[in-house]
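Okay, so chain A shows up in both of these, paired with chain B first and chain C after.
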Partner chain A sequence: MAAGSTYTPIATFTVSTAQASYTFSTISGSYTDLVLIINGGTTTNNQFRLNVGNGSVDTGANYGDTQIYGYSSTVGSGREVNSTNPYLGVASTTNSTRIIEFMNYANTTTYKTLLNKGGDLGQSQYDASVVVWRSTSAINTIQINTNAGNISSGTTLSLYGIAAA
Partner chain B sequence: MPILGVIASAITGNLNVNSYESIMTATVSTAVGYVEFTSIPSTFTHLQIRAIADTTAGDVSIFARFNGDTGSNYSWHTLYTDGGGSAYSDYNGVSSTSYTSFSRGGNASGVFSASVIDILDYKDTNKYKTLRSFTGKDNNGSGIIWLSSGSWRNTNAITSITITPDSGNLKTYTQFALYGIKGS
Partner chain C sequence: MANTFTLIEAKTLGTTTASVTFSSIPATYTDLCLFISARDNDGGATGAFSTFEFNGSIAPSGRYIFGNGSAVSTNTVHKAPLENGGGSTANTFSNSSTYIPNYANTSYNKSYSVDGVVETNGTEAYQLLVAGLIATTSAITSIKVTPGTGSFVQYSTFYLYGIKNS
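Coming up: the complex of A and B.
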């Protein structure tokens, strides 16, 4: 039987002054999945990137990602291997919206797989990607950053937890 | 009407999180040929399945059937890539015996594919059933992304879902979690 509401707001942060990154720390391990919604942009035409970790963010070459995108009338794909700061999609001063699913983030058996989809008006791109963090540690720290420049003021980052029965 | 999960990017800031409920979860403790959700309640408007999965047979599709229907009553389309620079599409327009691309096997050690699947208006007896899925895996050097949609050409309410790999078994620690999304 259904177990009642399981989509729980954990934290929301609104960027008041443009900043290079924002970190969610000490995330509870009591959910099955996490969902992070980003609505905003960056101070120049850039990319959202991320790092995750347990206790602190892992900046080692422990990530990989696979991407698919549509840019204007062009479709394509790409990948990063042994990345230290995996790709989350393009962003710009015009509105960007992105949703990232951290699947089974708290288990200590598997590597962690993230699903990501989003679009950006300024760069006329829609993309999706999958990111692997090659660690069996639970994720309790998530940092959203960029490849250059800052996250724009007014950007909201909303973190939710989903608990399975 | 709020719809959660992968659709939520369009309604940021307006999520009604009280409309999303866990129904049941299947976690594989020993490799098995399939998992099945039965007696799915009709108290929701949409269903969502969130999964991590792998198979013992390598890179094969993990597909789904509804209400035990093994007939050629399914169709699906997919946009996918391996990350090598190109993007591709594939389809079975009318004669599939299952909805494929529910998830995917063939992962490096420690890696599990991740999937989010939405099944829309699952109890509406006036409509064929429509679903979509987003699956990805990355083995740090190879990977795949599947963005798929499809239908089950039947107006019956969905009361059971059977999830099976094309060959082999679902690996230990595979997990499919079923959620219900209420309408207003």
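Coming up: the complex of A and C.
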């Protein structure tokens, strides 16, 4: 993770009442990468999911993701293709930390990739994943949501911009 | 350096040291990030698993994924970064980051994430990913890092940063 004057806070949000999703909109394209820190959980045993977009959230079948995970004594890997709402990892009422890095998010030439890592002790699982959004549009909208239920009250979502120079 | 990522304290070891403690951590930041590059003086050919202790007495719980170049495993035993073993390739030190969001809150337990490696260009290397939980509603005011075996050697470094989200 980069350090120094290039690590700039863009926006932060604290969930006051459990809600299904939160969206960062009109994200500036002036950084090289983005880092999103999620600290909190969900109202029941669920999964964090996400959508991104340009101007609005893309809910089309334009995502792919691959995960590795550890649960109990089992390690494994999973994959989704042509997903409309890619996997970010398990979540529960137990407080957890998730770090998501969006590389070269503002370019208009290539598809976008993000790296995600985190775990949830409420579900006793650690997972890391990569997600691709099959679009050459810049990302200026990020929505964090769940596969079911809500994001818990008290969860914080903090978005930072990192400039390479 | 921006106030969003501020060095709280740097520790570069000048001599062999049994453990490293950051104390009196101010509550003025949103998150903490601890970067460690370390090696122990035990004879391990690759590395060992360090341990964390928070606020003087709290041992965290955790869940990890660990790979050594030939196998991968998961369990709850390891909750802190790795250090290179004293028998590993000369001059190699581990590399890890530990991220603790909302460490100063007094309402709920603290969770954290660890991403660490030991790479020695040898027959074996380690990568460790950890989700940790510190069971206290008190603010985190100290972090103690102890090597998994032996002591930390000279030139091991420990950098603690504070991050503000506004």
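To be clear about the criterion, the second predicted complex is superposed on the first by the 161 of 165 C-alpha atoms of A that agree within 3 Å, B and C clash if a C-alpha of one lies under 4 Å from a C-alpha of the other, contacts with A are read in each partner's own complex, and residues count from 1 in each chain.
By our rule, a residue touches a chain if its C-beta (ideal position, glycine included) is under 8 Å from a C-beta of that chain, and two chains touch if they have at least 3 such contacts.
Just so you know, these numbers come straight off a predicted model, no measurement behind them.
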Superpose on chain A as described above, then tell me if chain B and chain C fit or clash. clash
With both complexes overlaid on chain A, does A:45 touch chain B (first), chain C (second), both or neither? neither
Should A:126 be classified as contacting the first partner (chain B), the second (chain C), both, or neither? second
Name the contact category of A:81: first (chain B only), second (chain C only), both, or neither. first
Output check: A:153 vs chain B and chain C. Expected answer is one of first, second, both, neither. What do you get? neither
Going by the contact rule set out at the top, does A:54 touch chain B (first), chain C (second), both, or neither? neither
So which one touches more of the residues on chain A, chain B or chain C? B
According to the stated criteria, A:23 is in contact with first (chain B), second (chain C), both, or neither; which is it? neither
Going by the contact rule set out at the top, does A:72 touch chain B (first), chain C (second), both, or neither? second
When the two structures are overlaid on chain A, which partner does A:95 contact: first (chain B), second (chain C), both, or neither? second
Which of 19-27, 73-81, 91-99 or 145-153 in chain C clashes with chain B after superposition? 91-99
Which parts of chain A are touched by chain B and by chain C alike? 1, 3-9, 37, 39, 68, 75, 97-99, 117-119, 128, 156, 158, 160
Quick check on the complex: what are the chain A residues that touch chain B? 1-9, 32-33, 35, 37, 39, 63-68, 75-79, 81-82, 97-99, 101, 103-104, 107, 109-111, 113-115, 117-119, 128-132, 134, 136, 156, 158, 160, 162-165
Under the definition above, what is the set of chain B residues touching chain A in their complex? 4-6, 8-10, 12-13, 15, 17-25, 41, 43-44, 50-52, 79-87, 110-116, 134, 136-145, 147, 173, 175, 177, 179-180
Which positions of chain C touch chain A when the two form their complex? 1-2, 4-5, 30-31, 33, 61-65, 72-76, 97, 99-102, 107-113, 115, 129-131, 133, 161, 163-166
With touch defined as at the start, can you tell me which chain A residues reach chain C in the complex? 1, 3-9, 12, 37, 39, 68-75, 94-99, 117-121, 124-126, 128, 154, 156, 158, 160
